[in-house]
Each structure stands twice: as structure tokens, then as C-alpha cells.
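Note that chain A is present in both complexes that follow, paired respectively with chain B and with chain C.
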Partner chain A sequence: MSTLAHPASGRRNTQRVRKWGPAAIVFGIGMALWQWVLPALGVERYLLPPLSDVLQAFWDNRSELVRGGWITFKEALGGFVLGCSLAFGFALVLARWRPLGSALMPYMIAANAVPIVAFAPITNAWFGTLSPWSKVVIAAVLCFFPVLVNTLRGLTSLRPESLELMRSYAAPQRVVFARARIPNSLPFVFSALKIASVLAMIGAVVGDYFGGSTEALGVQIVSSVSLAQYETAWAAILVASLIGIAFYAAVALAERLVVGWHPSIRAGVD
Partner chain B sequence: MRSRIGTAAARVAVLLLVLAGLWALWEGYRKLWESTGWTWPFPVNSTTMPHLHDIVGALFDPIREGEPLLARYMLDAALFTAKEAAVGFLIGATVGFLLGALIARFGVLQRGIMPYVVASQTIPILALAPIVVVGLGSVSIAGWTPKDWMRVSVIAAYLTFFPVTVNTVRGLRSADPAAVELMQSYAAREWSIFWKLRVPAAMPYLFSAFKVAATASVVGAVIGELPSSIQDGLGGWIINFNQYYALEPENLWAVNLVAALLGIAFFLLVVLVEKLVVHHPPEQLV
Partner chain C sequence: MKPSEAVVTARGISKTFGKGGVTALQDIELDVGRGEFISLIGPSGCGKSTLLRVIGDLVDPTSGEIRVNGKSARQARLDRDYGIVFQSAVLYDWRTVAKNIALPLELMGFNRAERAARVQELLSLVELDGFEKHYPWQLSGGMQQRVSIARALSFTPALLLMDEPFGALDEMTRERMNDELLRIWTEIRSTVIFVTHSITEAVYLSTRVVVMSPRPGRITSVLPIDLEQPRTRETREDPRFFELVTEVREALHAGGADDVVEEPEVVE
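For the complex of A and B:
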């Protein structure tokens, strides 16, 4: 692309400002509130230290925080991959044998209503407190049910016309899945994957709460709070959130690349 | 009538079958791993995977000689956590709806606030819990200090508001544009368009959010109790039994069983209210 100013690029810039401007303004207001207004209102340091102090704490502890973030992110990513791929495979089986799927669906939904993070101490007992596997498994279980339920819904909510067309071609099940069911499920899958990316990160951090390698981010948060180093705790929370946002954004980007054709993406919903 | 009894019987049969299947999977897995001595992914014994009948049995054992059954304590704890979760749900759902209504009304807010609504959920809430619980302890509004459990409700509310906001925006916008135009052509006030058209259109979306939120509020309540040294709820018992896991693993499993049932009960309550309020919920929106 040439860098010459041309009317289309001007319009695109205006669009970009329209799209990102409000978010940028809110960001600025939020940061200003955090830095100056909250301390002025007398919000205690242990509640929320000023932004500059948190950033300073981040800078002072950057090597531990980044290493901890990496450890926790690996746990979350492992859980995400494990949980989502199991869920996807399971959903394919349930969609292939519909009576089984519709009989089990209410139980999947009920399982989705179980506070799974409460099982973190048990996975610690299974794999050992220091093992990353206990966090990977919690993150995987957290990801599993939303992805399963949404994928199954996507695989089975095909338009009847598409199914009839496939049937009129005498397409075998394998082809029905490859050409119709799986493409139809992708928007559902991706909205579940976005939820799962956030859940995986939370699962990994919560898993750390019940004990983990002292380097992991969640353990750092807990120990800095107990040592009353609130700036460091907030810096660690900031790192965890940034990783969560980046994870979410990566999934959203993949969604855009894979299902960019879908109306809900083109309309810019979500 | 007859067929209704028939489907009810079929449902009960499926329920029993699923429970029996889970039991068989659990005990079969135990047996296989114990007899072969496999230690991957983790060694199986009565500490890591207690017998299911021992877990259920633990509920009906007195926790100490001459004291009431564990189930009695669990019931009290579940009610305590349910109270925190319910208050959190109400706060979260209200805030979520108001925020969603504002975002749906003012497009500029969608672009300005929505990214942060999403980002807010990436904050690891458990990490925030001690700060919220300690911090709110020093807050008093006109001489009234919130009780300890109410601070846990704030955490439950934080997890609750997000799905409600997202679906309120979607739902309020899903009103039929032709109907909105018709109302406008009658010079209907925006307020009455909102209540007569948009809110009814949003109902199915709202309830599908409430179902997610109901679970989230229980998760928030249990998690919020963990770092706040509140002993009366399920979270307190989880911490307590976690310390004695090596001695009595059944107890921790039993608390988790109760927590699971509480989550499912909250979910089913919302489903029930939905059945009463929304007459034709669309299939796709569970």
C-alpha cells in the first residue's frame, strides 16, 4: 500500500477514530481516576494504590512477575487446549448419536452450573501441590463444559434445508459433518472458546491459591497480600489481567480469521 | 396426562441411568487403576478417590463424637453461602441490567465501555477477594457498616453482572425494528417503547444470562469466602477440610458435592422462574 494520502485512507482513519476513540477516552479517564481522584477521595492504599506506585512495583519486580505470568499462562494454555479439544471431540460423538446427546444434554448443562473452582484443592491432592498438572486439570474442566454445550448446540442447530440437501446427495455422515455441521458450529465454538480463554486463566490463578510453585503468579498475589505488599499484589493482578486480555484477543483474532464470513462478525456485534 | 407421566418416568429413568453410569465409571476407574497399579495421571487410592458411598456416607456421620451429622452443618453452610450468592446475584443483575440498558441506548458507550466490561472479567477475582473483603471492612455508609458476608456478595455480584450486561445489550437491540418504527410513528415516548417493546424482546436473552449468572454468583460466593476467613459458608468448610484432606478426604468431597448441588439448585430456580415468566423461550437460548 502506498502512503499517499488518498480519500479512502482518510475515511478509514475517521472510522478508526470513531471505533477506538471512545474506548481510548474511557481508558484515559479511568487511568486519571485511578492515579489522582481515588487517592484524593481517601481510598486507602491497601485497597487500591495509585497507578504510578503499581507501575513502579511492576518495574521493580518485573523479572519475577513476567516469569510467574509465563508459568501461569502455560498452565492456563495447557488446560485450555486439553479441555477444549476433549469437549470438541465429545460434542462430535454426541452430535453423531443424537438420542445419546439429547439424553445427556441436561446433565451437561447441570454440570456447567457446578462451582468447579471449588475442586482445586482436590486436584492439588491428586497431582501434588507443586505440580502444574493440578492447575492444568482445573483449567481444563472449567473450559470443558461451556465448549461442549455450545459446540453441541452449533453442531445440531443446522438449518433443515442444509440437512435435506446433504441427504438428497446421499452424503455419508462424515461429509455431513465436514461440510455442514462443523462449519455451522464454528461461530458457537468460537464464542465458547472466548469464554474458555478467560476461564482457563482464572482456573490457573485460583488453582495457585491452594498452593503451587512459589514462582507462579497466583501464589505471588497471595503472598504479597499476606505481606501487605499491595502494590506488588496489584502489579501481579495487572499482569494476570493483561495475559487474560491477550489470550481473549488472540482467540477473537482467530475467530475473525476463521469465521469472518459469519454475519455476526461482519456486523461488528460483540 | 398419560404421556406426561410417561415422559416424567422416562426422565427419572435417564437420571438414575446417568447416576449409575457415573458411579460405575468412578468405581470402575478406581478398580482398574488400583489393580493394575497405574500411577498415571495420578495414583489412585482411597485418599485421592474415596469410594462414592464413603463420600455420601460422610454426610451422615457425626463430625465428632456426640455432635450433629455433617449433613446438618453442610445444610447451614449451604444456606449461608446461598444468602451471599442471592444478594450478590440481585446486586449484579440490577447493575448489569442498568449498565446494559445504558449501553444499548447510547451507541458511544458500546464502544467506550464494552471493551472494559469484557476486560473486567479477566481480572482473577480470587486475587481481588481479599482486597475487596478487607477494603470494604473499613467502609461505612452513614454509620452503617456492611456485614462480613455482604462483602462476599460484592464479589458474587462482580461475577454476576457481566453476562447480564452483555445479554441485556443484545436483547434490548433485538426488538423488531418495524415494531419500534410503528411505536415511533405513534409518537410513543422512548420510555414506553423501552418497557412495552424492548424489555419483552430482551426477556429470553435476560434469562439465558441469569442462568449463567446464577452459577457465577455461587462461584463468587464460595471463592469470596476463601480468603476472607468467613467460617460459616461452604468456602470456609472447604479451607477447613482441605487442611485435613490426608486424614478425611471424604469430607472435602462431601463439601464439594454440596457446593455442586447448590450451584445446580440456583440454576434450576432460574429455569423455573423463566418457565413462569417467559412463555415461549426460543430453543437456542439456554
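For the complex of A and C:
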């Protein structure tokens, strides 16, 4: 067995290198440009400090940055959970009572186009500048609309025969939702959750910009810039980006576990 | 035919879609006896799929009365008196073959052991043993349609409604599926109402062929098919088979099938 396993795993490694190699090379080039080429071209420190200085700033301020990242992540996660669950529940109601859906949907789509971060200073007035809730609400509102619109599409985009089949079994609405509409919606829901994970992080950081606990990541970015500590600001942005990527990856992993049967996921698995 | 033997009785069924819209069905009179294999044949727009859906209480007729197993069509649906197979297999992508077949059993409250046993029986009936853990996308079109037939038969309904179930398959697969369907029909002895627009398929499978014509959708003739049972590969080469195919074709043309411009079947 083991003699057979080796060539197979070797082939898998080769495939992995083929798949990820180009991306790794681009990453390396990008980092090298940042570190050496930009300073050589005379890009000033306040525009973009060299990579090594940013990493040094991260190391020097690691405990504050990690604590700040955790605070801001909790705001983002709270908003994500709140906004996504409300949107999912709302979508269920609108899908169940279609006239209600047709009445409200135009406004939902219009509201989706509103630049919601514009409300960030207002939520501070509502909940208090230092309260995490003002950031949670911004993140939640940002998550709400894409999840609502996508979930509703998933709940209602069944083939007519799928519903006729349920009708032929005399299935009550509760069963139609549990066995047909909700499973059908899941690929749509997860696409929306991936978008929402990114939006939640944006909402939380931008919410921080308008004030909050001095430890929060967004507040650290603003105060570092005002103190001309650009390296620290960039290190904080780096932390925010890493959290955003990890958040997205966690949702993508959940997607793979829950809707592994869906063609778009299958295409990604070898 | 004694009324007690009638599985489906249609009296003066008409269906109009929309206000002053298309008359999909007009004055349909039809009796289907227990154990019969009835094909509804006609060009697109003749209302054959609509008639099937009226029988299944999936579409309400504008007027007329329909009885299924001596009850209203609605009551028959609520009693789960029929199984239905569509042109596409309509399997749920998130369910394995076994779970797709067991779906109606789940809704009807059969326990896990009963469902598992029944799924095994059905898998061998449709010759898909060993495929229970597969997902729909791992199967060919013909195999998917066999899963869909197994699902329709899972709760042993006395009536099977089939809406062009083999329309999307290639000719070879279709002929093989025809033979399998006849074998299953002989085994389970249920009544089948089968919508098709293939003349040879209708003649090969049926005990009676109901010829329909469009605008308005109506029954123009009903032809008994007196070919010997069971039907086999030789049946397809029997001179009587060709005579009957010709009869059905002429009935279709007499009903005005020639004037028809291709258009999608009227389904709600």
C-alpha cells in the first residue's frame, strides 16, 4: 500500500505547487516591491513606510494591536451574527408571504444602495461613542441587505416542479421550507455570508474611526496617523486585514462543510 | 366499466389560463380503469401536461368535475393517492439517491428502518443497487430519472402520473427505459397515465392512447392498443405495431396537429 501511496501523494504535492505557486510568486514580488523598490523611487514614509518598518512597528506594539484587533473583531462578529440572522429571518417571512415581499422588496433593494457607513456618526449619537453597540449596529446594517436579498432569491428560485412535487405529497408550508426552500437557499446564503464577513469588518473599523474605546483597532489607526506614527497605523491596518481574511476563510470553510453537495463547491475540490 | 373500477373520471373538464386567455383544455371526458396504461399524446400546446396536473390537483380546472379513486382530486392528493414523475428528474441536489427516494416516506412518517428497507427494494426494482450514497450529479440522465421513478413508487401509490419522463433522453436510453417501465408496471400493477409526444413510445407502452389536439386543447380520439402483453423487443417489429403507429399518426393529423406552430406547453 505504502509503495502505491507515495507516487500519489507526490503527484498531489506537484498539483499543490502548480495551484499555489503562481500566487506565492506574486506575493513575493509584491513584498519585494514594497520593501525595496518604493523607497528607492523616493516614496515618502508618510505615504507608505517600508515593509520592514511596518513589521517592526507591529512587533513593538503587538499586545495593543492584538487586544485592539480582538475588540474590533468582536464588534464585527456581533454585527455579523445580528445582521445575518435578522436578514435570514426576514427573508423567511418575505418568502412565506409573497405579497409582503413584493411590497417591501423595492425598498430593501433601494436601502441596499444607501452608503450605510455614512450613518456611523449617527449611531454613535444613538448608542454613545464609547459603546461597542454603535459599531455592532453599523456592521449589522451593512450585513443585513446582501444576506436578505440573496437568501430571498435562494428561497424562491426553486424549479416549479420541485414545488409541485411537494404539493403532490400534500406537504404543509413548514415542510416545504424545511425540506426544499431552505436547503435550496443555502448556496445563496453562503455567498452572501462571505460578502457579509468582509462588510462586518469594514463596518466595525469605520465605526471605530468616529470614536470608541481607545483600545479598538480603528481608533488606534486614527490616533497613530494623527501622531504621525505611520508604521503603527499600517501595522494596525495589517492586523485588520488579517482578521478580515481569517473571518472570510472561516465562513468559506463552513460553506464547504454545509453545502458540499453544490456544484460551485464541487468545482473547487479536486 | 363499472364506476368502482374507474381510477380517474373526468367530466367536462375545461381550463382557461388568464382572463380571456388560452383555452388549455375544453370539455375533457375521460375514464381510466384500474391497471390501465394510458398515454396522452398530442403536439405542444394541446394541454396534455395541464390535464395530467388537473388529475393530480396541481392545477385547478376552470370547470368540470374530476374524481380520482372515487374522491375529489384534492382529497386524492391529500391522501397521497398518486406518485408523479416529471420530464426532468427533479431530484434534490442536497440529498443522496437513498434520501431522495425516501423523501415521501419521511413526510409520511415511516421510521428509519422501514425507509431503509423500502429504499433497498426500490433500488433493485429500478436496477440501481449500490448507488444509494451517490448524489444526483454523479448519475447520468437516465439513472436520475430511474431514481425519480423509484421515489414516485416508494409509497406504492395506486396511480402513477408521468409527464414526458423520457423526453430528455436519447433514443437508445428511452427504449431501454420504456422496457424497464413496462417491467415495473407488470410487477406493481398500478395504473399509469403517461404524457408523451412520441408516437412509438405511446403505442409501445399503452393499453389505450388518448390523442389530443390544440387550440382549444381537447381529446380527438381514443385508440385501444391490442398488442400482446408482455411487450418485448419483437413487439417493436410486429406489423400490428406499425399499423397502430400509423393509426395514431393519422389521428394526430386529423386532429389538426399539422397547423401547429411549435410553442411551449401551457403550464401554470
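Criterion: the second predicted complex is superposed on the first by the 263 of 270 C-alpha atoms of A that agree within 3 Å, B and C clash if a C-alpha of one lies under 4 Å from a C-alpha of the other, contacts with A are read in each partner's own complex, and residues count from 1 in each chain.
Here is the rule we use: contacts are C-beta pairs under 8 Å (C-beta built on N, C-alpha and C of every residue); 3 or more make two chains touch, one makes a residue touch a chain.
Remember, it's a predicted structure, so these values are computed and weren't measured experimentally.
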Contacts of A:180 with chain B and chain C, given as first, second, both or neither: second
Touched partner set for A:46, first chain B, second chain C, both or neither: first
Which of chain B and chain C A:165 touches, first, second, both or neither: second
Partner chain(s) touched by A:80 [first = chain B, second = chain C, both, neither]: neither
Which superposed partner A:110 touches (first chain B, second chain C, both, neither): first
Touched chain A residues, chain B compared with chain C: B
Which of chain B and chain C A:240 touches, first, second, both or neither: first
Contacts of A:88 with chain B and chain C, given as first, second, both or neither: neither
Partner chain(s) touched by A:198 [first = chain B, second = chain C, both, neither]: first
Contact residues common to both interfaces of chain A (with chain B and with chain C): none
Residue ranges of chain B in contact with chain A within the complex: 14, 18, 41-42, 47-48, 108-109, 111-113, 115-116, 118-119, 121-128, 130-131, 134-135, 138, 170, 211, 214-215, 218-219, 222-223, 226-227, 234-235, 238, 242, 245, 249, 252-253, 255-256, 259-260, 262-264, 266-267, 284, 286
Chain A residues within the chain C interface of the complex: 159-162, 164-165, 167-171, 175, 179-180, 183-184, 186, 259, 261-263, 266
Interface residues, chain A side, partner chain B - complex: 18-23, 25-27, 30, 44, 46-48, 103-104, 107, 109-110, 112-119, 121-122, 125-127, 133, 149, 153, 157, 198, 201-202, 205-206, 209-210, 218, 221-222, 225, 230, 233, 236-237, 240-241, 243-245, 247-248, 269
Contact footprint of chain A on chain C as seen in their complex: 53, 56-58, 77-80, 82-84, 86, 88, 90, 92-94, 103-104, 106-108, 135, 137, 267
